[in-house]
Amino acid sequence: MKKIIVLVMVMVLTTVIFTACAQEDKVVLNVYNWGDYIDEDIFEMFEEETGIEINYETYATNEEMYTKIKKGGTRYDLAIPSEYMIEKMIREEMLEKIDLSKIPNFKNIDEDFKNLSFDPDNTYSVPYFWGTVGIIYNTELIEEPINSWDVLWDEKYAGQFTMMDSQRDSIMVALKKLGYSMNTKNLDELEEAKQLLIEQKPMVLAYVGDNVKDMLISGEAAMAVVWSGEASAVIQEYDEFEYVLPVEGSNLWFDNIVIPKGAENIDAAHQFIDFLCRPDIGFLNADYVGYSTVNTETLKLIDPELMGTTYAYPLDEWIENYEIFNDPGDFILEYDRIWTEVKAN
Amino acid sequence: MVNKWVKRLYTLLIFTFLYAPIVVLIVFSFNDSKSTARWEGFTLDWYRSLFQNRYIMKSLYYTVLVAVISSISATLVGTFAAFGIFYMRTWKQKLVLNVNSIPLLNPDIVTGVSLMTLFVAMNMELGLMTMIIAHITFSVPYVVLSVLPKFKQMPGEMLEAAMDLGATPWYAFKNVIIPEIKPGIITGGLIAFTLSIDDFVISFFTTGSGVSNLSIAIYSMARRGIKPEINALSTLMFASVLILLLIINKRTKIEDI
Amino acid sequence: MLKRIASGPYLVWIVLFILIPILMIGFFSMVRTDAETGAYYLTATNFARVFEPVYIAVWTRSIKIALEATAICLLLGYPMAMILAKMNSRYRTIAVMLFVVPMWMNFLLRTYAWMTILGKNGILNKILMFFGLPQMTFLYSEGAVLLGMVYNFLPFMVLPIYTVLSKMDQSLIEAAEDLGGNKVNVFRKVIFPLSLPGVVSGTSMVFMPAVSTFVISNLLYGGQYMLIGNLIEQQFLVVNDWFFGSAISIILMILILVTMAVMNRLSGNNPEEGGVNLW
């Protein structure tokens, strides 16, 4: 019995010590971000400068983030959704207004990325990164040049490529191959896309999220549909990879920083947004994650060799037929259903 | 004779199956390369980067905190509950025990989503508090089930006897009953503790706002691919399990519970 | 007095955190919200949707792979349990302990281990290459999920059977042998029937987590292989359709409870002990 008491005491004591360490009356900022989408070393820099501690959690898709915030019961001070999701969140009054006067570094953001249609005047969001969706492939394993989504339906490559585990992006690929708009609200077009994805499914190695880089590097997959920044991160380290922007068109996207309603540390959140807009921090992030910066000052620090590459800073004419997602409103339920059925099949 | 060798071979094969993956993890946690395919020299780097990984360290803290709080609370609640249940009328006892067994029988995922639904409906902030509540909820039934049989083994009417001799109910409970049911309480508490340490599914659905336990941390890292830090973590966890089991085993022999 | 109030907190607790949540998902499974007013209305569409062919396929897939995993665990585990039960006591404690140790390892780590082994550049493929065989894709296949299940749940099958076998009255077996039963017959007529309670509790302890898992399929088959657990997870965490998610959960719960009830009836097991057999 005595031993047990000692054991319990030790446990309680450890807990108390643990708790004491954690409760140094600090402001804790809850940041909710995509996996592998920030250089985590900057957290410590931010903490040293401001004394604000960062509590960090990640998601794999816009939908996962939306659901977690929407259902309530959570408190996040910052999140980084993509344009169509921001549009939806603004419509559903899920975001706090951002006070741009508290973000002096907002001046560094390129005018091209300010005041976009999903958030005119940047009332609710501050640009973070932008990019495209395309195909990355290993030239040692796939010898012919690729320029179209068609390869993802080619029997030759069965079991060698991965698709994204993100509903709008994957449905987008099928819609684009069919020549439709990726923002379609036509049910027949969506059904056609569904059939196409179901037909493709046996050939897909896996529907993946953040692990796609590892799978490419390890040779697990020879080809993958990815966001441009992931391609950039891989290509900058491994020469054998190539990223193509499919001719049928694809997704041009923008990820912005937002403050969800329910945030408790709104001031600290502004501070962190400003921190992220600083040229040097922007550079650390861009260098780490591989995505394309929206910051004119950061751009000056970036390796000029990246300009005019498909994966980092593509030429305008390459992406002129690229579309931007918009929020389909309640029609999203049809997208949900289509995606659930594709995955269940 | 042949039979004996077949048996040995079979045992060996099964144990190889059980331990090979663990051995692989342990060996490659010392490998000086991100790859799990080639041996490129000995290193302790992964252990260093494991301890420098704030996300993992924080989850470790939450894991221990939740396990300690939830197992102590569950043991307290469960022990008193077993006491009450033991003296209940038969039909009521049956009813309570049936409800008690729901979390044992129900798939974890259903328990998880139903608790999440409740918390969200009650407008509670998903995080440490909700995770602790969830852990108490799934471990209390085990405590009840390990303490209750000890009451049944107790020589009849001990409580009454003590009280007839002038003990207050609380004194009788503390000095007469507790020693009788102690083994059950310990087992129950240990089960609650280990269940809590190990839980993934229910925590996954009932936490949020940046609070995660080790299982959730491992899951979100593993979803991103092979991470040598996880190998290092496995090795440490394997070592602690071994040590814990050795301690328990020794203690069991001494006190013969 | 003390007797009465002792279980009070517990009763409040189980009503609040066990009964009410289940009633809530029961309620959600039968309603949807009106798109305009946001008011709940009763409907059977959630349940109707569960029985659409796409989702029926998910059910059959889940149940099939769970049954396969259970069968393999039983085939591998029963002989192992017999060997354990007959070991002399010095080795036995250690051997049983060796079975318990992996079970105490975090279940995600155990699954993760197979990711590193089965990968294209994993150990297994390296071994194949060493023998001059071509590389194969092990990960991201149904086989990988099955293997993950068997690996994770095998101890759950072995330990309950072992417990029953080791407590079995040896004199019964001796008696049967003395009466001229050969080994096969003694096993078939005496040992196996007596060990049924262990088999039943092992079976349910393997089948239940196997049929409802979403982790093993997610990690070893990359989000493409949908089991019931994945479907529930997706509805609650990605698609945000709690109504449909609740309907699936309720059906899964009923499936499990009915299975358990039938199993318990079959073996004449005491349900109260079901949960603690493990220990």
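Letters A, B and C name the chains as they come in the text, with residue numbers starting at 1 for each one.
Assume a residue touches a chain if its C-beta (ideal position, glycine included) is under 8 Å from a C-beta of that chain, and two chains touch if they have at least 3 such contacts.
Quick caveat, the model's predicted, so the values are computed rather than measured.
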item: Dominant chain pairing [most C-beta pairs in contact]; value: B-C
item: Chain whose average C-alpha position is farthest from chain C's own; value: A
item: For chain A paired with chain B, centre-to-centre distance based on mean C-alpha positions, whole Å; value: 35
item: Mean-CA-position distance for chain C and chain B (Å); value: 17
item: In chain A, residues with contacts to at least two other chains; value: 68, 71, 209, 218
item: Where chain B touches two or more other chains, by residue; value: 35, 116, 223, 226
item: Junction residues of chain C - those touching two or more other chains; value: 119, 121, 236-237, 242
item: Parts of chain A lying in touch with chain C, wherever the complex brings them together; value: 61, 63-64, 66-68, 70-71, 159, 162, 165, 167, 201, 204-209, 218-220, 330, 336, 339-341, 343-345
item: Contacting residues of chain C [partner chain B, same complex]; value: 1-11, 13-14, 17-22, 24-25, 28, 76, 79-80, 83, 93, 95, 97-102, 104-117, 119, 121-123, 125-126, 151, 154-155, 208-209, 211-212, 214-215, 218-219, 229, 232-233, 236-237, 242, 245-246, 249, 252-253, 256-257, 260, 271-276, 279
item: Chain B to chain A touching residues, read off their complex; value: 35, 54-55, 58, 61, 64-65, 68-69, 72, 116, 119-120, 123-127, 130, 179, 182, 186, 208-210, 212, 220, 223-226, 251
item: Chain A-touching residues of chain C, taken from the complex the two chains share; value: 35, 54-55, 57-58, 119-121, 137, 139-140, 221-224, 226, 230-231, 234-242
item: Complex contact set, residues of chain B against chain C; value: 7, 10-11, 14-15, 17-22, 24-25, 28, 35-38, 77-78, 80-85, 87-88, 96-97, 99-111, 113-118, 121, 133-134, 136-137, 140-142, 144-146, 148, 159, 169-170, 173, 187, 191, 194, 198, 200-201, 205, 214-215, 218-219, 222-223, 226, 230-231, 233-234, 237-238, 241-242, 244-245, 249
